[in-house]
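Input: a single structure, listed below in C-alpha cells.
Chain nomenclature is as follows: A, B, C and D, assigned in order of appearance, with residue numbering initiated at 1 for each chain independently.
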Amino acid sequence: MEGLTSVCKKSFSKSIVVKELAKNNGKVSFEVERGEIFGVIGPDGAGKTTLFRVLTTLLLPDSGEAKVEGYDIVKDYREIRKIVGYMPGRFSLYQDLTVEENLRIFATLFNTTIEENYHLIKDIYCHLEPFKKRKAGALSGGMKQKLALSCALIHKPEVLFLDEPTTGIDPVSRKELWEMLGRLKREGITIVVSTPYMDEASLCDRIALMQDGKFLMCDTPRAIIDSFDKNLFSVKGENMGVLLEGLRGADGVLSCFAFGDSLHITTEKDNVIFQSVTADSLKTYLEKTGLEGVEVTKTEPSVEDCFMELLSK
Amino acid sequence: MLKYLLEKEFKQFFRNKALPKMAVIMPFMAILIFPLVANFEIKNINLAIVDNDKSSTSRAMVQKIAAGGYFSISQVADTHNEAMIDIELNKSDIILEIPANLERDIQRDGTAKVLVSANAVSATKGGLGSAYLAGIVGDFNREINSDILTMSELTMSEQFTITPRFWYNPRLLYTYFMVPALMVMVLAMVCGFLPALNIVGEKESGTIEQINVTPVSKLNFILSKLLPYWIIGFVVLTISFLAAWVAYGLTPAGSLATIYLFAALFVLAFSGFGLVISNYATTLQQAMFMMFFFVLTFIFMSGLYTPVANMPQWAQNLSIISPLKYIIVVLRQVYLKGSTFSDLLTPFWMLSGFAILFNGWAVLSYRKKS
Amino acid sequence: MRVIEVENLTKRFGSFTAVDNISFSVERGEIFGFLGANGAGKTTAMKMLCGLLRPTSGKGVVAGFDINRDSEKIKAAIGYMSQKFALYEDLKVWENIRLYAGIYGVPEKEATERSHRLLEELGLEKERESLVKSLPLGWRQKLAFSVSIFHRPSIVFLDEPTGGVDPVTRRQFWEMIYKAAAGGITIFVTTHYMDEAEYCNRVSIMVDGRIEALDSPALLKKEFGAVNMDDVFRKLARRSNNGLL
Amino acid sequence: MRAFRVFVQKEFYHILRDRWTTIILLALPILMIILFGFGITTEIRNTKFAVYDPAGDFTTRGIINKLESSEYFTLERYLSSPDQIEQLFREGKTGFAVVFSDEQILLVADGTDPNTASILTNYATALINSYLEESAVRQAGGGAATNVAGDPPVAAATAAARRTITPEIRLLYNPSLKSAYNIVPGIMGMILMLICAMMTSVSIAREKELGTMEVLLVSPMKPFLIILSKIVPYFTISVINYITILILSVYVLKVPIAGSLILLSGLSLLFIMVSLLLGILISSLVEKQIVALLISGMLLMMPAVFLSGLMFPIESMPEVLQWLSHILPVKWFIIAVRNVMIKGLGFSSIIKEVAILTGMAAVILAVSIKKFKFRLE
C-alpha cells in the first residue's frame, strides 16, 4: 500500500522548481529532477550557502518563488521541513555529548532511530564506532565532520541539501560518502550538494557553476566539458617552477595552471601560430625557447579545467 | 611584543559593541542610582489609629505622634480588626489602639495602657517603629505630668540632655556611606571579571590556540589581558570620583594618593582572582556562575551594607577571606575620615597577601600546553 | 641541512596511541607533504613539532631546537597557519599583519614597509582597512600564509591551508608556496587534496599513527603501481586494521 | 512524543555534564540563605564604646553600667581626653563614645555608617533615659535611696500623682524581630528568577551561537517543542531550589511557614513560569550568549536585588524608582510570599499580586510568540 500512494502522490517529476529566486542581489532559476544529484560549485562567497538556506526555508527570499516537492518555500515551510534533510556548512555538534548521543538526538529529531536507518550511514559511521563513547568535542576535525555527516544522513528525507559536506575529510572517506549518496539516489532521494572538490562535482548528474549569486552555467558534466572551446595540453618537465614561468610567458598560451604532476595550458582553438595544433608542434616550439626535456600531450579537459576557464572570463 | 598585544586588546575592546558601553554605564548606574535605592532609613511609617477614648488627652497624644515626622497617619479605624486588614494589605505598618476612658483612668489611678501592634515582618521597621512610638509616648507622659513634676525630677531628666553628634557625616547622608564602597565594586567588576571573561571567551571560541602557537610567553599573554582593563579600571575610578564630587559634593578627606595606591593593590589582587577563575572555567556560562557565586560571598562578607561587627562570630571570622572587605574599609576611612596610610596597615598586608596568593595561583594553574 | 629530525616520536592519550613511534627528517627548502586519513594522527604529530603538545616519548629537533626542552624557542623560529583560525576576524587586514610582525619581533619600520609591498603583491591594498571577517575565504588564506612567513621563519607549518577553497585560489596559494620554498623556507603542509600532494617534493602518509609510506610522489606512484596519489592513498588504506580508513 | 523526551534528556545532559555549573546552581540557595540570613543583620550586637568621664559621679557610673550590662554594648576603654576619639574612629574599631560634662551627655558616633550610627545613638539614648527614669522614680519613691550628690531630697507626694501611659508593644508575625523573616521571600524570588530567566535565555542563545539551532529548525520537530524541552530541566532545578530554600528557612533561619504550603507552592510555580517565559523572550531577542548573560544579569538581577525590597525597604526609595519597581515580576512575588509565608494570610490577601503575575505571564508569552524567530533572519 505504501508504494502505491507514494507513486501517485509524486505524479510530477520535478522535485525542486525555482523561478527568478532573488536574495541580496543574486537571482537564479533552475529545476531539479527527482532522484537527481544536483551539484552547486563556485568560489567562496558566490552565494551557495544563502541559496541552500533559502531553499530549506531558513531565509526568506527577496523576490521570486520556489517549490520543493510541490510545497512553496514561504507558505508551506512546515511541510517542507518535514520532508527535507539539511546539513549546513558549519554543522556543529553538541561537543559535551558523546558520539552516540549526538547521533541518537538527530535520529529522534527526524522521527527515526539509529537502528532503523543505520544501513544508510554504515560506511561512514563505521570509522566512528570505536569512539562511540567519546565526547564529540574530543574528536579530530575530520572525525567531527564524519559524525556531522552521519547525523545529517541518519534519516531518509525526500530532498537532501548538503552544504560542503566533505571539507576536511580524507579522500578515501570522501569516496565512500559519494558511494552512499549514489545509493540514496537510487532510492529516489533528490540530493543538492555544494563542494569545493571538482572531482566530486563530476560525479553529479548536473552541475551549476555559481558566481556572485548567479548561475554561469547549469548542465551535465559531459555537456560542460563539451562546451570547452579551447585546446588543452598537459606539459611535464623536471623543474615545474621554471616551466610554469616559461609557459606563462610563451605567446599563444592563454592560461597555465598546475594540475598534479603536470601543467595544463590552454591555447586558442583557431590560433594562427598553431595551425596544426598538435602536442609535438607545441613541444618543438617550447624547446626552441630553451625549455628542454619537455613532454607535451593533448588532454581531455576535466570539470576543473572548465570551471577555471569559466571563472577567468 | 607586549605593545602589539595591548594594541590588539584595546582595538578589540572598543570594537566589541557591548563591553565599552557596560564599562561606562556601570559606574554611573552604581554611583548615581544605587545610593538612592540602598538606604535603611526608616521614614514615613504608616500608622493606623484606633481611638476608643476620643478624649482631649488621647487627641493630644495622637497630635504629638503625628507631628513627630516619623509617622504618617494612614488610617483612622473604629475597631482593631478593621485596622488589621490594612496591616495585611500592607497599607499601614503599626496600629495604636487607645482604650476607652483612658483619660478617666489616668486622672483616677494615674496609669493607663495603650496597645501598639507593629507589623514586624521587616524587623528593622517593626522594631524601630515601635521604639520611636514608645519614645514619643514617653515624652507625652512628661508633658501631662508637667504641672506636678518636682523641680529635681524635671532637672534630673532636664539635667542630662542627651545630644548625639555624628562626626564625618553630620547629616547622616547615606550616600557618603555607599559611594566609596560602590567605586570599589565597579573597580572589581572592570578589573576582576572583564579580563577573565575575555580569556574564557577566547578559550571557548578557540582563538587562544592562535596565541599558544606563537612565541608569546605566558606572562605576556596574561599581562596583555590585564593591563587594558587596569587602565580602563582606573579611568572608571577617576570618573567615579568626579561623579561623586559633582552629584553629592563628596570629596575625599584623606589623600587621593593613598586611595590610588590601595586601589592598585586591590586591582592586582582581584584581577588575579579573575584569572584563577578563567583558568578553571571552560565555558562562559561556567565562568559567569563561578564569579556570581564568589562575588556574592565577598560582598556580604565585606560589610558593604551592614557592618561586619553585626554578624555572628563565625561569620566574622569567615569574613577575612573577602578582599572586598579591606578595600571598602580603606575607601571609607580615607574618603570620609581622612585616615592616613599608617592607620590602614592591616588592610595593606591583607591585600598584598591576597595579591600574591591569587596571582601565584593563576600563573600555576594556567596550562598553555593542551 | 636538516631542519626537522624526528626519532620514534610517540603520543598516547590514555590507552589510545595517537602517534605510534614515527621517525623522519626534512631538508631545508623542501616542500614536505604530511598526509593521512582523519584520525590517523597527523594533527597530533604536527602539534608536537610546533611545541603545542608534549610528546609521551621519543626525540625531535625542529629548527635546531629540541621539542621536549625548548618548545618556546621553536615557536619563535617557525610560522604556523591552520584552516580554522589564522587571523583575528575582528581586526583589520593591516592590523593583523602589524600584530604578528610585532609578535615575531620584526622591527616596526621594516614591518610597515614590507606590509605595503605584501598587500600590493596580494592585490589587497583596497582591503587594507576592512575587517578580515569581510574577506572571502581564499583571500583570507593567502593573507594568512603571507603573515605566517612575514618574519622569514626557517619552517612554516600549514594545517590544511586550502580546505574548502576554490580551484583557482588554491593554485595561486601553491604558487606562493613555491615562491616561499624557493626563498629557502621549508614547507610542512597537510592536505586532503591529492593533486596538491603531487606538488610536494616528498610526501609521508600516516595510517593508524604510523608512517606507512615516505617518498617523492613519483617514486610512491611507481612503488604502488598507481596512476596518481589518489590511488596510492587508497591502496595504503587497505593496510589499516581497525577500519580507520 | 519520543523526540520531546530525548530532547529533555539532552538538556539534562548539558547541565549535568557541566559539573561546576550544576554544583553552583544547587548550592546558590544555601549560600544566599547563609549570606543574607547572617550577612545582613541590622541588629546591634556587642559594639564597643569608649567613655570620657572627668567627674565620675554616681549617676554617670550608673549610666555606664546600664550601657555595659546591655547585650548591645561593651565598654572598651576610658579616655583621658576627648581628642582621643579622633584616633579611635580613624582605626574604625569603636562604635561611639560617651562624653560626660556637667550639664550634657554627648554621644559621639562615627557618622560614616549613618544607619548604624543612628541605631546606636537611639538605643544608647533609650537606655540612658530609662536609667534616668528609674533613678528618678527610685528617688521619688522613698527616702532610703542614697542621696545623689548635691540634689535636694524629692518630696514623696509626687509619686502618687505621677501619671504614666505605658505603651504595651506587640510585634506581629515576627515576635523575636529576626531580620531573616524579611529576607527569605526575597531570596526565593531572586534565585527562582536567576535560574529560570538567565539559564533559559543563555542555553537557547548558546544553541544559536554554536549553529545547532539551524539544523533543529529544519526538521519535523516544532520549534516550540525545542524551547519547551529547554525549560524542563531549569523548571526542575527551580523546584528543587524552592524546596531547599523552604527547608533552610524553617530549620536554619527558624522562619516558620505561617500560611498554607499549597498556596505558597502554587504561587512559586506561577512565578517560575513567568521567569521561564522571560528567559524565552530574552533568548528570542538575542544572538549571542554573552548578551543574554548581560541582559538577564543587568536588567533582571540587579534591579531585582535593589528594587524588590529584598534588602532595602521600597518605601524609603524615591518615587520614580518605586514606579519602576512595579514592572518587575519579582517585586509582586515577594509581596505575595511575605503575605502567605510570613503573615500566614489566605488567598484573599494576594489576589492583586497573583492577578498581576498572571497578566505579566500572558503578556510575555504573547510577545515571545510574536518575536519567536523560526527562521535565521
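One rule holds for everything that comes next: contacts are C-beta pairs under 8 Å (C-beta built on N, C-alpha and C of every residue); 3 or more make two chains touch, one makes a residue touch a chain.
If you're wondering where the values come from, they're calculated on a predicted model, not measured in any experiment.
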Pair joined by more contacting C-beta pairs (B-D or A-D): B-D
Computed distance of Cα centres, chain D from chain B, in Å: 12
Distance between the centres, which are taken as Cα means, of chain D and chain A, whole angstrom: 63
Centroid spacing, where centroids are CA-atom means, of chain A and chain C in whole angstrom: 26
Sites on chain C at which at least two other chains make contact: 84
Chain D: positions in contact with at least two other chains: 18
Touch-based graph of the chains, sorted into line, ring, star, complete or other: ring
Chains that touch, pairwise: A-C, A-D, B-C, B-D
Chain C to chain B touching residues, read off their complex: 50-54, 71-73, 75-76, 80, 82, 84-86, 88, 90-91, 95, 98-105
Interface residues, chain B side, partner chain C - complex: 1, 3-5, 7-8, 11-12, 15-16, 206-207, 209-210, 212-217, 369-370
Chain A to chain D touching residues, read off their complex: 53, 56-60, 77, 81-82, 84, 86-88, 90-97, 101, 104-106, 108-111, 151-152
Of all residues in chain B, those that touch chain D in their complex: 18, 22, 29, 33-34, 36-44, 61, 87-90, 102, 106-107, 110-128, 130-131, 133-135, 137-138, 140-141, 144-145, 148-150, 152-153, 155-157, 159-170, 172-174, 176-177, 197, 201, 280-281, 283-286, 288-290, 292-293, 296-297, 300-301, 305-307, 309-312, 315, 329, 332-333, 336-339, 343
Chain A to chain C touching residues, read off their complex: 41-45, 126-127, 129-130, 139-143, 145-146, 164, 167-175, 196-198, 240-241, 244, 257-261, 304, 307-308, 311-312
